[in-house]
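Before anything else, here is the set of structures, which you'll find just below.
Two complexes come next, and they have one chain in common, subunit A, joined by subunit B in the first and subunit C in the second.
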Partner chain A sequence: MTQAYQKVAYYPGCALEGTAHAYDRSTRAVAKALGLEIEELQNWNCCGAMEVKSTDPKLQTYLSARNLGIAAKMGHTAVMAPCNGCYHNLKKAEYDLRNDPASIETEKRISTKAGHASYQPGTVETIHALDWIKKAIGEDGLRARVKKSLSGLKVANYYGCMYSRPRHIFPEKDKGPGSESTLKPHFMDDVLGAAGAVNVEFPLKTACCGGAHTLSDSDTSTRLVLNILTTADACGADVIATECATCHSGLEMHQSRGEKVFGKKTNVKILYFTQLLGLALGLSARQVGVHENFSDSVGMLRARGLG
Partner chain B sequence: MPIHEKSLIRPENIIRHESMNLQGVDVSGDWSTFIGSRTITDYNEDMQDEIAALPGGEYIHRCWQCGSCTNTCTVNAIEARFNPRYWIYLIRIGLEEELLRDKDILWQCVSCNKCTYTCPRDVVPEGVMKATAHWLELKGHTPDSPSTIFDREFSNQIFATGKVEEGRVLRRFFASTGQALRQPWLESMVIGLVSRLPVKMLLRLGLSAVLRPKTRKWSKSRAAITDYLQQQGRAERRALHLSAGEGTHV
Partner chain C sequence: MEPAEPKAPAAEIATLFDELDDTAVVPVLFASDDALQADRDAICVRLQAAAEQALEQWLLAHQREPTQGRLEGYRLLALQRQGARGDPSFNACRESCRELIYHCNISIVDSQSSPTHLRFAAMVCRHLLLFISGKLQNSGLGEFCCAARPLRTQEAQ
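What follows is the complex of A and B.
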C-alpha cells in the first residue's frame, strides 16, 4: 500500500461546506475509521468550479495554483480532493503550468501582485478521494476492516465528467493494470465491491448530468439526469453512488424536478460513496450524514439493516 | 439510431409545385431544393481570428472536420441542431449568417468535455463553444445567456471573497434572471430535508448565510485579479474591433 497517502492534505472546497456537507462529514468519518490522517488546507480559496473558466481559464489556473502552493507550504506531497470539480481544476492547473507558457506567465504575474510565491508544478500530487482510499488501504485492507457488509446492496457507480475528462490532464490514468481508466473508470466499483456491494452493469458511469447548467438551463439538466436515473432503475440499482458534489446535488435536485415538473418518478436512491463505505465500516447512518442528503435513503437503508 | 447529424430541409428551401407533370406522372406537391443556387459575397473573414482571440478559441484552426465532437456531444443527443462540427466549419469559412441561425442555442454546451476527450486534433471544441458564445454576446448578436449571468455571479463572488456561498449565488441568480425563488420542486426538496435535519445543523446553515465564508487576507489577490480582468477585457475588445463602451461583459 502507498505509504505516501497515509497522511495527506485535504481540500474540501466550497460545496462540501454547503450543499455537500454530508460528503465532508462522511469523508472525515471514513478517514478516522480507517486510521488515515487528513489535514485541511489552511485558508484555501474556491477552485473556480465550472464558472471561472468560462470567464477566463487562466484565472482558474491561478486559483488552483494558490491552493497547491498552500499544500506545498504545509509540507505535503499529496493533496486529496473529494469533489470532482476541485480535483479536476487542481489537475488542470498542474497540466497548464507544465505545458502552457501563457498560463505560467499569468499565474506568476497574479501571484507576485498578490504577494505569495507562485506554485512550481510537480511539487504536490493531486489525488481524488477514490485514489486515496484505493491506494492507502486497498481492497484487501478494506475487506479486513468491513464490520457490516453492504451485503448485496445493488449499486450503480456514477463518476460523471470531471473525474476522467479530458484525458490529457490525467497522465497517471490509462496506464494498464492497477491504474484508473478514463473510458471505463472502476476505482469506486473496486472500493464498494470490497465493502460488499454488488456493482450493477451501468453504462452511464461517465455520462453528463448537466451540472454546469443545473440552474441556468434546468430543462436540459433534468433531461440528462432523468437519463441517468431511469437507466440506473432499469439496471436494477438500489442506489447510485456518487463521488462528486456537483453530480450528487444535480441528481438529487433533478430527481425532484423530474417528478414535479416532468411527471417522471424514479426510485433509485443517491448516496456519496464515502457514506456507503462508512456504513460498511460500522459507522451509523447519522455519523455519515445520511439525514443531510436531499435524497431520502433512511428507509431503504433501515430495511436492509444498514441504517 | 442512425446518426442524423443535420437536416438540410428547411421551410424556405421548399418549393410548392401546384401542378407538375413529369412524363405523364403527376409529381405536384412540396419539393425540397436542399440548397438554392446562390452567390455568397458577405463572408466574415475576421470571424475565425476574433473567436480565436477569446479564451478557449485558440485552437479552432486545427480542426479538420472529422465530426468526432458532434458524434460524442451530450447536447447533440437531445437537440440535433446543436452541432459543434458544423459551427466550427461555419466560423472557419466565415459564414456568419448561417451561424446566427443557431445563436440562441449555442450557449447550451454543458462542458462535459466528451468532445475535447475524443478530438484527434486537440481543437478543444468545448473551449471553442464558450468562446463563440462570448463572441455572440460581445458582438451584440445575443443578450447575455442565463449561463453567462450565472457564471458572472459565481465568479464575482470568488473574485471578491475567495470563496462561494451557494445559497447566495442561487438567490442572486434567480433575482437577476427574474425567476421566483419559490420553485415548487425546490421547495419540496428543502421541506423534505428540513424535516430530517437536527436543529443544531439548521442553525449552522442559517448562520453561514449571515457570516459568509471567505478566504482571509484575500484583498491583494482580489486586486491582482481585477487588474488582470480589466486588461484582458481591453485586449478582447481590441481583438473584436469594438470601441471602449461596447462589449463590456466582464
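What follows is the complex of A and C.
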C-alpha cells in the first residue's frame, strides 16, 4: 500500500459542486469509511475545463498549475481529483510545464501578475480517485472492509475518454503489473470487483460519450450515449459505473432524452463507482447521494439489499 | 488538420453512414447464434470494412488520400492513426478500433463465444460510425440529421 496516499489534497473541481454533487458526497463518505484523510484545496479555482482550453490552452495550464501550487503550499505531495476533466487537465499542466516553453512562460507571467509563486513541476503528483483507493487501500484491504457485498450486481465499468488519453501525459500508466492500462483500463474493475461486483465484459469502456458536444449538438451525443447504454444492456449489466462527472451527467441526461426524442428506452442504471463502493462499505443510499442522481436507482438497489 | 471540402456531397456521406450501419451492423445484431457462428469470418470482414470506409470518409473530407498501409497487420489501425494526425481529438476512437479487431479475432478463434463477440464487434462498429459522423458534422464536413442544424445554419449565415 502507498502510505503517501493515506492523506491527500482533494481537488473537487466545479462539476462536483454542481451537477456531480453526488460524486463529491460519495467520495468524501468513502474516504471517511476507509479511514483516509482528504484535505480540500484552499481557494481552488476552475481547472480550465473544456471552455478555457478551447479558447486559450496556455491559460488553462496556468489555472491548473495554480491548483497544484496550492496543494504544494499546503504541504501535500499528492492531489486527488475525482473528475476526469480536472484529473486530465492537472496532468496536462504538469506535462506542459516540463516540456513546453510557451506554457512555462505564460504560467510565470500570470503567476507574477497574480502575486503568487510559480508552480514547480514535479512537486505534486496528480492522482485520480481510482488511483487513490486502489493504492491506499488495495483490493485485499477493500475485501476486508466490505460490509454489504455487491455480490450479484453486474457492472459495466465506463472510464470515458479523458482518463487515459493522451497517453503521454500519464507516464505512470502502462508500466506492467500493478499499473493502469491506457488501452484497457482496469482499476475500476479491480476496486468494484473487490467490493463483490460482477464486472461484465464491456467493449465501450473508453468510448466517447459525446460529452463535449452535449449542448451544441445534442443529437450526436444522444446517439453515442444510446449506443453505450444499449451495449451495456446487451452485456447484461445492471449498472454502469462511472468515474467522470461529465460522462455521468451525459449518460443520465441522454438516457432520458433518448427515450423522449428517439423513443428508445434503456434499462441500465448509472451510478458513480464511489457510490457503489460506499454501499458495499455499509453506507446508506442517502449517504452516498443516490437521491441526487438524475436517474432513479433506488428501487434496484433496495431489491438487492443495498442502501 | 484544416477542414476542407469533402469529395462527396454531405448528404451522400450521411447516406453512406446509414447504409454501412444497415448492411454491416444491423444484420449482426438480429442474427441467430447459429447464423453468426456459421458466417463469422465474412461478418468480421464486413464489420472491419465498414469501419475502414467510415475512416476513409474522414480522410477524404480533409482532402487526404486514405492509406493502403497496415499497422500491426490491420488497415483499420493505420487509417485511424492517419486520421488522428494533426487532430489528436480523433484519438478518442483509437481504442474502439482496437476493440473491434479484438472481438473479431476472438470470434474467429473461439467458435463457442463467437456470437457474443460478433455482437460486441457490431456495437463497437456502430459507435465508430456514430463518432466519425459526429466529428464530420462538427467540423462542418457532413450534414446529418440533427436538432442543432438550424443553429449551425444560422451561424453560417
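Just so it is clear, the second predicted complex is superposed on the first by the 307 of 307 C-alpha atoms of A that agree within 3 Å, B and C clash if a C-alpha of one lies under 4 Å from a C-alpha of the other, contacts with A are read in each partner's own complex, and residues count from 1 in each chain.
Here, contacts are C-beta pairs under 8 Å (C-beta built on N, C-alpha and C of every residue); 3 or more make two chains touch, one makes a residue touch a chain.
Just so it is clear, the model here is predicted, and its values are computed rather than measured.
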Combined model on subunit A where subunit B meets subunit C, clash or fit: clash
Subunit B versus subunit C as contact partner of A:Ala207, first or second or both or neither: both
Partner chain(s) touched by A:Ala136 [first = subunit B, second = subunit C, both, neither]: neither
First (subunit B), second (subunit C), both or neither touched by A:Ala280: neither
Subunit A residues touched - subunit C or subunit B, whichever exceeds: B
Which of subunit B and subunit C A:Ile228 touches, first, second, both or neither: second
Partner chain(s) touched by A:Cys83 [first = subunit B, second = subunit C, both, neither]: neither
Partner chain(s) touched by A:Val8 [first = subunit B, second = subunit C, both, neither]: neither
First (subunit B), second (subunit C), both or neither touched by A:Ala241: neither
Touching partner for A:Thr55 - first (subunit B), second (subunit C), both, neither: first
Selected from 27-35, 45-53 or 81-89: the stretch of subunit B that, after superposition, runs into subunit C: 81-89
Those residues of subunit A which subunit B touches in one complex and subunit C touches in the other: 161, 165-166, 207-208, 210, 213, 216-217, 220, 223-224, 261
Subunit A to subunit B touching residues, read off their complex: 14-15, 17-19, 43-46, 48-59, 62-63, 66, 106, 109-111, 113-115, 161-162, 165-168, 182, 207-208, 210-213, 215-217, 220-221, 223-224, 252-253, 256-257, 259-261, 291-294, 296, 298
Residues of subunit B touching subunit A in the complex: 55-56, 74-75, 78-79, 108, 110-114, 116-117, 122, 124, 127, 130, 145-152, 154-155, 158, 162-167, 170, 173-174, 177, 184-186, 188-190, 192-193, 196-198, 201, 208, 213, 215-218, 220-221, 223-225, 227-229, 232, 250
Footprint of subunit C on subunit A - complex, ascending: 161, 165-166, 183-184, 201, 203-204, 206-208, 210, 213, 216-220, 223-224, 227-228, 230-231, 234-235, 261
Contact set on subunit C toward subunit A in their complex: 88, 91-96, 98-99, 103, 119-121, 123-124, 126-127, 130-131, 133-134, 137-138, 144-148, 151
